[in-house]
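First, the structure itself, so that you have it in front of you.
Each chain carries a letter (A, B, C, D, E and F) given by its place in the written order, and its residues are counted from 1.
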Amino acid sequence: MEVVPKKRLELYSGRSHPELAGAIAQHLGVGLGHANITAFANGEIHCRFGESVRGADVFVVQTHAGAVNDWVFEHCVMIDAAKRASAKRITAVCPYYGYSRQDRKAEGREPITAKLVANMLRVAGADRIVSVDLHSGQIQGFFDGPFDHLTAGRVLVEYLERNLAYPPVVVAPDAGRLRVAERYAQYLDAELASVYKKRARGQVRALGVMGAKEVEGRHCVLIDDMIDTAGTIVAAAEILMATGASEVWAMATHALLSDPAVDRLKNSAITKVVVTDTVPLASEKRIDKIEVLSVAPVIADAIDAVFEDTSVSEIFDGENQP
Amino acid sequence: MEVVPKKRLELYSGRSHPELAGAIAQHLGVGLGHANITAFANGEIHCRFGESVRGADVFVVQTHAGAVNDWVFEHCVMIDAAKRASAKRITAVCPYYGYSRQDRKAEGREPITAKLVANMLRVAGADRIVSVDLHSGQIQGFFDGPFDHLTAGRVLVEYLERNLAYPPVVVAPDAGRLRVAERYAQYLDAELASVYKKRARGQVRALGVMGAKEVEGRHCVLIDDMIDTAGTIVAAAEILMATGASEVWAMATHALLSDPAVDRLKNSAITKVVVTDTVPLASEKRIDKIEVLSVAPVIADAIDAVFEDTSVSEIFDGENQP
Amino acid sequence: MEVVPKKRLELYSGRSHPELAGAIAQHLGVGLGHANITAFANGEIHCRFGESVRGADVFVVQTHAGAVNDWVFEHCVMIDAAKRASAKRITAVCPYYGYSRQDRKAEGREPITAKLVANMLRVAGADRIVSVDLHSGQIQGFFDGPFDHLTAGRVLVEYLERNLAYPPVVVAPDAGRLRVAERYAQYLDAELASVYKKRARGQVRALGVMGAKEVEGRHCVLIDDMIDTAGTIVAAAEILMATGASEVWAMATHALLSDPAVDRLKNSAITKVVVTDTVPLASEKRIDKIEVLSVAPVIADAIDAVFEDTSVSEIFDGENQP
Amino acid sequence: MEVVPKKRLELYSGRSHPELAGAIAQHLGVGLGHANITAFANGEIHCRFGESVRGADVFVVQTHAGAVNDWVFEHCVMIDAAKRASAKRITAVCPYYGYSRQDRKAEGREPITAKLVANMLRVAGADRIVSVDLHSGQIQGFFDGPFDHLTAGRVLVEYLERNLAYPPVVVAPDAGRLRVAERYAQYLDAELASVYKKRARGQVRALGVMGAKEVEGRHCVLIDDMIDTAGTIVAAAEILMATGASEVWAMATHALLSDPAVDRLKNSAITKVVVTDTVPLASEKRIDKIEVLSVAPVIADAIDAVFEDTSVSEIFDGENQP
Amino acid sequence: MEVVPKKRLELYSGRSHPELAGAIAQHLGVGLGHANITAFANGEIHCRFGESVRGADVFVVQTHAGAVNDWVFEHCVMIDAAKRASAKRITAVCPYYGYSRQDRKAEGREPITAKLVANMLRVAGADRIVSVDLHSGQIQGFFDGPFDHLTAGRVLVEYLERNLAYPPVVVAPDAGRLRVAERYAQYLDAELASVYKKRARGQVRALGVMGAKEVEGRHCVLIDDMIDTAGTIVAAAEILMATGASEVWAMATHALLSDPAVDRLKNSAITKVVVTDTVPLASEKRIDKIEVLSVAPVIADAIDAVFEDTSVSEIFDGENQP
Amino acid sequence: MEVVPKKRLELYSGRSHPELAGAIAQHLGVGLGHANITAFANGEIHCRFGESVRGADVFVVQTHAGAVNDWVFEHCVMIDAAKRASAKRITAVCPYYGYSRQDRKAEGREPITAKLVANMLRVAGADRIVSVDLHSGQIQGFFDGPFDHLTAGRVLVEYLERNLAYPPVVVAPDAGRLRVAERYAQYLDAELASVYKKRARGQVRALGVMGAKEVEGRHCVLIDDMIDTAGTIVAAAEILMATGASEVWAMATHALLSDPAVDRLKNSAITKVVVTDTVPLASEKRIDKIEVLSVAPVIADAIDAVFEDTSVSEIFDGENQP
């Protein structure tokens, strides 16, 4: 009994960010499957796929922002269901990867929760992970299978190229982000600067600007991977303005915008905040100065490459990417 | 270089039910460790143990009720931290084990989330699990290590013996709980009855009482492992009253009491609801007819047995237990 | 070098029940492969596949009844051979799943052997399990891969519908089987009753009937998942007759019929025993009152669904099944 | 809470060879634990330890001869029970290791069952294996933990030294055993010879003797790891006699003596068969020419060394051992 | 979205033996992929595949001879890269399998490094291993997946048949190789002899010849799996000549020829050394008496069989092979 | 049979850096065990422990620099031997952790070799890792067990405090090291600057200095985790001098000093190179301007803490450490 098998792509969305999943589906030209997710009165999540996934190449999209623990758990529940329903291969698509800042022990007796998330996805049954602009690239090594690390860099850079007459000064909002800022600066042929912390022992934790000379009288763009409570980026913008910057924009892939981020941004010197849609943005948070670009095409291209076994390396994170 | 090692017991509590953990610590005569758990603005949980756990026998107490996904996740985070901080052995103490009803695929394309929870605890680093009155004993088999399954049966039975002049009629609130009810009835030398569902195909899903004759004019006690939204138990009480019961009590180990359980119980024919403290009960839910018994001594005895490698089999679930 | 692959189905049978495997093969329209199994003089089993299984979708059929340890071991040996011979995917087909009653620790210091069987099949190399009417559905959770749980319910129910003018009273032979009996009763629109145990502490372990009123003067059908030594079911039939039943049939998926089951059934009040062929029935055990229905079509349909990646959910166990 | 732990040794025996386990216990000066093993009517094995094994160093003795599949399975069942009952460490003591000749694929599409046995013991919960005179030393590598490989060599050699005035000619019964025979010959300062097979392609599979000159007029001792059906060893003895040997003894660690071994030995030219008690010898098989030496002291010393963390290397297999 | 998948074969070579990989590629009619392997100044190896391997059936050829640790490590690095780049299946092709003589503990407190190599290849991501003439067949059992064990036996035997008028005496260079020599002798219908060690206790470790009579005046061929420093084989040749052999050849699959092997061979009584190209032979080692046969066709056939899921059992090691 | 166990510390050294291991042993007041490591003529490594390690707490010290693949492999071989010899716990002590810069995929189709190293150590049998100043802290997450990450920060800082009258300007040699440099600067209350790369797209990869103003006329100290070929650090020193620095020192934990590092340093503007002894420094590389500090006390303290289950958090890497 011999049969030529067909491959089927099935795309499911958790409840964290259905809009993004829908946009990805549209780009792929496929329909979103029916995952039938409900929460019982006691908070337990249930899911039951509406279609057979036997032998299918299943992609489960869930961004780990908002009610992060619920969404990671739900992601695992969906993957477990797909595994037990005989999916051929399961890819966990995490536009924003949860707990990505907890990627090492900064102190003793701490967890490495970004590793725990990878372990959970694996033990639930994920064969592969797709994510965008990880807080650190080393998180790829937390998973012993293929991990496609995409970048929104081109999307962000094209925005700058479209909206600015000449290159801005690229600024890292803290010391740990200088390498990424440097990559943007090189790609844009731009000047580079960095905000940093000083004099911790002497109790005062003040900020300084390295490259102050470059900043004076110039349009600065702060580059970060995420904006959470916006404390760092707003403080960085302040010291840039104090140093003589003519204008400050902020740019980041992941717009967590946890309270009081929106208030801080609204009241800050930052005139434009450019982010992507890896994280859903509630309408009350959509203030004028926030511009949201979509990574749906990038993720859709990656899913297509995974499904079709083709290579589209320009969407993947790498040294030659912004 | 030779050393005679000492064993140290370290007891930590997650944030789901610190009162119970405190009571357990008191029974054990030890202090609760400082887990220093916080949630960041974006919902991510962080923990850092305040004491060294190197070489210690660590017990992490967390009940999986309330914000169940948060608490299961937090449980894993704490276990991961203990593992990386060189604990010698880690026991996950789950007074209520999350997702215990999702212990099999009732339909196709469903997850088995009770197994997922066991997998998560294991991959986080748990060497052993302790839990109370699992929805089904088979959940022990979901974990390939020691799983101490305790029962609150004696605590509940002693309450009945103390408060009733003669044995009540023990009633299973649905067909699936008859085996447990039978065990209680045998232990109490009591009559047995069961509520059941009928005629599903002909659209109407009515309830019936098996053992109606025994119920008439008698004091009935419904026995369940948990009361969640109280729909089942209240409906069972109604049909028992309609069948002629003189009074109905409800008894269960886990008082999830999700909305609208308390309203339902308040307005129901049930005159007393006897539960334990495996799940925290908010003060606004503590209505008069609810009686809460403590399982802290049972769990403390089990932890002591695990730590000291002694055997206290009467606290463990088994055929000869109520 | 690019090739369009073909999938091949290879079906092998262990020595426990070649008739059933043959019937399955016939339904599938494929030939049974040559497994060349022999036992050496010292009892060690050897197998060597007669055909190449490279890249094939291999199904190994073995029912775990009779010389249960030999057959489970032989199952593992065949799976190990298939794995090392480069099968693409291996499905362990267990019409009767061995040790399914040892699915939890009923007492301390006991094994959970149903979990051990799952572990053995996995470590031998099984990617998936197919079984029929497990003693408890939770056994699916003992295996961290797809586990297709089939039901013989429809086969049994159709027999009743064909052979009885109107619905019988469905009776659970003990408290633990009431949920399954309830499902049959709902499906058949029939009355429900249950046998149960009473007064264990006061030394006497007598049986009682719940729903005695329904039983009087009626044709009763006891529903169980298996008949082993027939002690439970014969005792249940006796008390049903003593309660006034007009006739008692027994119905079960798995006819283990260990000694002295056949004698007991022969001498019992039961007038008909309806079982399936998941377990081979020696000719000397084929007494008149035993009726054997075949599950070969059900298993063949499941194998076909697995091989073709199609969905035939009506053959799988679920809440809407009898 | 700090405690100085005590280590407890618990020794349990499966049902395959209780006499040997008893002798080991006596040498150790400990009592055998109560494993309470029973087989149900359908052949399923059950075990329940009579004492607490919490925190104990548990040794489970089971020789894999006789009903080999039952005994390997029972071994796993006991280990699973010990694991779930919180044993601190579990050692599988296999005086004869089952399926040790199936240690590689001699042909394609075969299993490697000796590896399967190791996998089963591991997945059941064994932390360590102790065995005697494996068919091939490479089996140690099938288990990724400590594997104490003991040898009965000294016991056998001492017998020769006690019972023979001067060294015999040591003979390998087939080509595969020459290395071991060489080790014995070196240790005894004896001459060496080997039986071998010839001319397979030309249909005839005759035997030859290498070292025929040494054999003439001499007392030969055939050395093997096991005697199963005795076909090989009896044929070897015949050709040795035909070659002019004055007398032939056979010596082996494992006396499987499967039918028709005893008849063959009785009718053979072999005048003495020296074996050990790793395998139980039914009384009807205890013919005069068979001499049984005990390995209980060797195994007891190894268990003591494992428990006490001491080193007794002369009992372990190695290049400098006979 | 349904697609009929295509399978792609991608063949990569490590740096240990590119000539052999090239010959294999040629036989297969495919090109070698670009692995871009470099070593940094500090000795760390880096590799980056030049083509996409997404979904491909990847074969990584690396022989573990020469700088054995570097090459095993590089093999793992390449496999890890292929795994993370989403190869569908990865086969480690090891013409010579490293550390194959360290396949058991010859003494206590030793590693089993052949098992460690299998563990490393697995943890790096290999799904399958292909190797030629393992030192012991049991090494197959060190890997819990398909392990295709090829033999160069036919290649070597055909050389003898082509170059000798009548069968030589086949001689095992030490006791441990007699079984393999026996297989050659049977296949060639040849006489058999063996060199062996004697009198170790009495300090002197002399060599002897079993089958001396057969050797006298005859052309002998020593058969080994590998020639490393050539100490064993040269000593064996000497004693054969001393025993009266007319001529001695040596034949082995793996020509490690570590110093001072070539000098020893050059100065020895051996007149011809027939080996294969599983190991690269530096030009300065290619002395006249060494004849190198190619196993590239054997390995290419095996790769083709693996890729195409066909069976070519005559190239695989087995009892009916020379 | 009850025994109070004793713990034994056994310390072994691989061949990569015996001087450091000896110094650690001296600090601990224990002797180094005899590992008896040899390399065969074909390059294969062998080890056999000279003492029993049964039940011991074994620490295997091996720095992964020099012949890095040999040393990592040897590390694994030693750990495998300890595991099979029944060590109770095995700690891999890696003063310099191999391949630590290959900790993420900088481009597609690359390995993550730092993860591979962790996987190898784990599969060999390591229970725990101890290392110093990892290239990135995330490498801790590559191992799912305790990973003690030590820092040489205090040792380096104390040198500065001892040898400089007032704080230098701390300079990151490239953008990726700014966070670590910032930590040093905060700890020393020093000014901060960074070298960075610019204009990559426009072909020219020039260097710039951020914080140039601070550098002018000042004593600068470049801080890195390792100096490999010294290309980065020497180029950084040049541009610092060109920017007006009065003097430049370089400071790093790991002195790989691969060719042509020493020549570059000798000819560079750097006047002092302060490193530690995590990597052995050949005498010909010990030029005057290189100062070597010892981390032996730090590692010895960590081993002592691990063995004694005490906590010495000031030696572990963390946010409050330099």
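Everything that follows uses one rule, which is that a residue touches a chain if its C-beta (ideal position, glycine included) is under 8 Å from a C-beta of that chain, and two chains touch if they have at least 3 such contacts.
Since the structure is predicted, the reported quantities are computational estimates derived from the model, not experimental observations.
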item	value
Where chain C and chain F overlap in contact partners, by chain label	A, B, D, E
Numbering shared by both copies at the chain F-chain A contact, with half separating same from different	same
Identity of the chain that, by mean CA position, is farthest from chain D	A
From chain C, the most remote chain by mean C-alpha position	F
Magnitude of the superposing rotation for chain B and chain F (Cα, nearest 5°)	120
Between chain D and chain C, distance of the C-alpha-averaged centres to the nearest whole Å	39
Centroid spacing, where centroids are CA-atom means, of chain A and chain C in whole angstrom	49
Contacts with 2+ other chains: residues of chain F	4-5, 8, 52, 84-85, 105, 107-108, 112, 115, 119, 140, 144, 311
Contacting chain pairs - touch in the sense defined above	A-B, A-C, A-E, A-F, B-C, B-D, B-F, C-D, C-E, D-E, D-F, E-F
Contacting residues of chain C [partner chain B, same complex]	103-108, 112, 114-115, 119, 136-142, 144, 149, 172, 174-176, 178-179, 181-182, 185-187, 189, 191-194, 196-202, 208, 210-213, 311, 313, 316-320
Residue ranges of chain C touching chain E (in the complex, touch as defined)	1-5, 8, 52, 54-56, 83-86, 88, 125
For the chain F and chain E complex, residues of the former touching the latter	40-50, 52-53, 65-70, 72-74, 76-78, 80-81, 84-85, 98-99, 101-102, 105, 107-113, 115-116, 119-120, 122-124, 228-229, 256, 258-259, 261
Footprint of chain A on chain C - complex, ascending	4-9, 28-30, 128, 140, 144-148, 305-311
